[in-house]
Amino acid sequence: MADLLRRLLRTPQGAIGVTIVICIALLVALGPLLAPYSPEGLAPLNLYKPPSAAFWLGTDQYGRDIFSRLLHGARATVVMAILATSFGTLAGALIGTSSAFIGGRVDEAVMRTIDAIMAVPTLLMALLIVSTLGKSSTNAVLAIAIASTPGMARITRSVALAVRKQDYVRAAIARGERASFIIWREMLPNVIAPIVVEWTIRIAFAVMVFATLSFLGLGAQPPAPEWGLMVAEARKFMHLSPWMILWPSLAIATVAIGFNLLGDGLRDALNPRT
Amino acid sequence: MSPVLAIRDYTLDYLTQGGAVRALDAIDLDIATGEILGLVGESGSGKTSLAWAILRYLASNAREPKGSIQLAGEELVGMPVSRLGAIRGKRIGIVFQDPSTSLNPTLTLGTQLTEVLQRHRGLDAKAAEEAGAAMLARVGLHDPRAMMKRYPHEASGGEKQRVVIATAFACRPELIVFDEPTTALDVITARQILDLFAELQAQTRIASLYISHDLALVSRVASRVALLHKGRIVEQGDVRDVFARPRDSYTRRLVDAVPRAGSRLVHTQPSAETPMLELRGITVRYGRRSLIADLLRRPRAETIGSRDVSLDVKPGEIMGIVGESGSGKSTLARALTGLAAFEGEIRFLGRSVTSIRDMDDAYRRDVQIVFQNPDSSLNPRHRVREILSRPLLLHGDPAGRPLDQAIGESLREVQLGAEYADRYPHQLSGGEKQRIAIARAFASRPKLVICDEVTPSLDVSVQAAIIQLLVDLRGAPARARCSSATTSPSCARSRTASP
Amino acid sequence: MSLAYLLRRIGLTAYTLLVVSLIVFGVTQILPADAAAVLLGEAATPDQLAALRIRLGLNDPLWTQYLRWLGGVLRGDFGTSMRTGQPVAATMLEALGRSLLLAALSITLMLLVAVPLGILAATRRGRASDVAIGILSYVGVSVPEFVTATIVLLVLADWLQLLPATGYVPLTENLAQGLKHLVLPTLTVSVILVAHVARMVRSELVDVLHTDYIRAARLKGLPERRVLFTHALRNALLPTITIVALDVGYLLGGIIVVEEIFAIPGIGRQLIVAIQARDLPMIQAGALIMATTYSLANFAADMTYAALDKRIQYG
């Protein structure tokens, strides 16, 4: 692990990415403790205030402290995105590896169907699922998880197939190794690395989709301090206070950039040949 | 007469994180008009860097502390890039190693030929077309006009290389650099290209620098040869003199490493025992059924990898299997080790094996394989220790040694120190990786080891060492036999017991 | 490209559309909402509800309903909107036209900006302009459309008052005004597309510029301009076609958001409205049309790629 960290810090993407993500992790873990105010604390005398000593990032239309809402919202936005991506990755990895392992007609049929499912863009799929299940954070998570499964399945399968063709796997088969050894000790360590990279980058995407769903009113519902929702609400009061829109937007973008950079950094760090 | 190319005391450094690395040290070289100078060196010797230096296509971290390179008296070192345009292609030509990668896949062969004619000989489109066709005819391509309309993937390796050579000669440069032009071709085509080159050079009298790692090959065309070792020219002179009376120890090693028919490493004759391995009628098919093809009632596209092969291998024998690429050698190796389904019968130590299912643990222990490419036959995420321990854990150590000891002795057998056990494959050189692959194959004392083209990707001196290693391992207590698949007849000839 | 390949691609696209229709229908049919109740409202009696359900065929097994719907779709009949009572097909087609206009403008703008940016970044690799373009691309793909839209609205419409904020004017009515209203949405949608494609072009071109054949071309003494435009770009731009096709997916997502924010009555907007109102036939039609557009775009890209790529034998 320490070795991985060192390799990550060697590239600018890895270094910046891991820094941002660690900060995010801290915010998610400690956010609510660090928040100076309650996210729902109304202060009717302090509406639309710009950043000040009392309210570091300003206040919103109900006088709630934006900074505190951001800190609480970190959990809502980031954790949800990670959960959704992780479910999608697990499901996808399972489908992809099994399909690659079984091979032949079944594999071909499964992959063609996956390609067909991917003809429905992620946001659209998420919208459809949410429209059916109802608007809430949980349903949004489920929707994103389901929507990202086919993509992960396809990537897992192609990686598994590429590894399967390597001579060291052939050497293991020729030696007479058991299938379980080949899958766990020969293939999996080489398959996991690209999957982890993809997982990280998809978290960035999930953050954006989750925020978009909330923005459209189909994800988290008021008065939740979810960042996308904050931007949606802030739109009506743009001319009164640009800060209400600025901070949550910046937060979303920073998280997405951080995970994207980390993904790129991991790609280099996990490459065994460098 | 003044030489076409004169290199004096030329030195080249590369700036790296660890400081300046000297790639070329005080090089002195001359090439006269009409002369072919062979430059022989292994990978890492600097021969590629020298080619780049002459062409002035050096990397950004290259530094030239001293020396001069003169083309017909004109100094090239320090020449501004703007003037180089007049030199490249027009006065110095180059033929690269692999025509598949040095030709643009999205342009026709004709375009890639005529564009230099238009640029350097000032011809218009129509004249360039005519001249191009004439040149292609001269390099032995029939129907030049049709060839000019083709794309690279529609031509064979030999045809492509002829086009590249035609392009280089067409501009009538003063010097042409040939960077291993036949290495990527199969043996027969390579010979044809070599003959073509010799013929063209004799006709045009263009000074040529022929770079190669293969001393034997170079000695067939060059009149003079220079040997490059670790950036220095260790020997230079007439080809026959260098061969007959090598002065430098490195030269001597290279000359000795050249496999010669009649010089053998193995002197024992196989006993007239019953064969250990008999193959009868081995056929391997590849091919997939496509639904659309079935619907359209097309015949099933099937490739036959191996067709009805029968041969015997006696105990203690080294059997060389020689063939062109695509002749089915690797397929045979795969069938024998249970990696490809086959029809026919294998009789191993008296037992009959007719399918992969028949290959039990004993068979797997006794029949091992070493792959061609050491980069992909070792799992990049396993340390050497784990790689070597697998066969022992799987099949047990016949000598009953503790694991660490067995691994240490395996390493020693392939002439590597015990400290290699903790390393990862990417920390090893090509030769070292191949030794590990060999150690892994021999670890549990198999009775038959199949070596599938294990040397071509290595330098000649390393090849010789590996082959010697295999021969020596054969003699080790458990009498392992080796059957080798190779495209290099010279390698096989030095070892085969049966032709 | 052989007949077998063409048939195979067409067959696959047909299969894709079938699966898409199944997904769209299947996902929306899990809706617990009772279509009859939605139509008749709260005051309906159980008898009226039952009668309507029979008339709408809601008591039939799902498969029958699916086939009935699919049959209608293939004939061009998407049913009637539960919200407006108007035939869905007509509304959707009109909306689709507007969205396609927006999409076409966005893709054109994207190509005009992304390709030169990518080329610039690749040829000035490692230098200031490359790093700057790289950073901008990173930011571009990390900012969701609704954020870009909001910022663009804020700066260009509210503060600088350069362009109208929201609304739509058909081009046939007033070309100038119509285009003005389309500028901001097009800009917003293009941002992510440009970021993607510019990165792709750069990375492909960098790879190509390092190949042996480009090196050979340079050493043949060809001028750098010819090397770049005649030799390199052909190879670099081919894979870009695939990326542009994939980006149509992001484009569709972007269009949904952008139409909502800028109040453009395109298909995305219709979809959102339909989802809010739980208007089943509209949701199904909107989703199906969008997914079909994506599939057809991918099909077109495949065909273009196959026709242009000399290397691969498509058999």
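Residue numbering begins at 1 within each chain, and the chains themselves are lettered A, B and C in the order written.
The definition used in the following text is that contacts are C-beta pairs under 8 Å (C-beta built on N, C-alpha and C of every residue); 3 or more make two chains touch, one makes a residue touch a chain.
No experiment lies behind these values; they were computed from the predicted model shown.
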Highest-count interface - the chain pair sharing the most C-beta contacts: A-C
Chain located farthest away, centre of chain C as origin (C-alpha): B
Centre-to-centre distance between chain C and chain A (centres being mean Cα positions), rounded to whole Å: 22
Inter-centroid spacing, chain B versus chain A (mean Cα positions, whole Å): 46
Residues of chain A that touch chain B when the two form their complex: 166-168, 170-177, 185-186, 189-190, 272-274
Chain A-touching residues of chain B, taken from the complex the two chains share: 334, 337-339, 359, 361, 364-365, 368-369, 371, 373, 376-382, 390-391, 394-395, 424, 426, 437, 440
Touching residues on chain C, where the partner in the complex is chain B: 3-4, 7-8, 11, 211-223, 226, 230-231, 234-235, 238, 310-311
For the chain B and chain C complex, residues of the former touching the latter: 55, 57, 85-90, 94, 96, 98, 101-107, 115-116, 119-120, 151, 153, 167, 290, 292-293, 296, 298
Chain C residues touching chain A - in the complex, by the definition given at the top: 12, 15-20, 23-24, 27-28, 30-31, 138-139, 141-147, 150-151, 153-154, 158, 249-250, 252-253, 256-257, 260-261, 271-272, 275-276, 278, 283, 287, 290-291, 294-295, 298
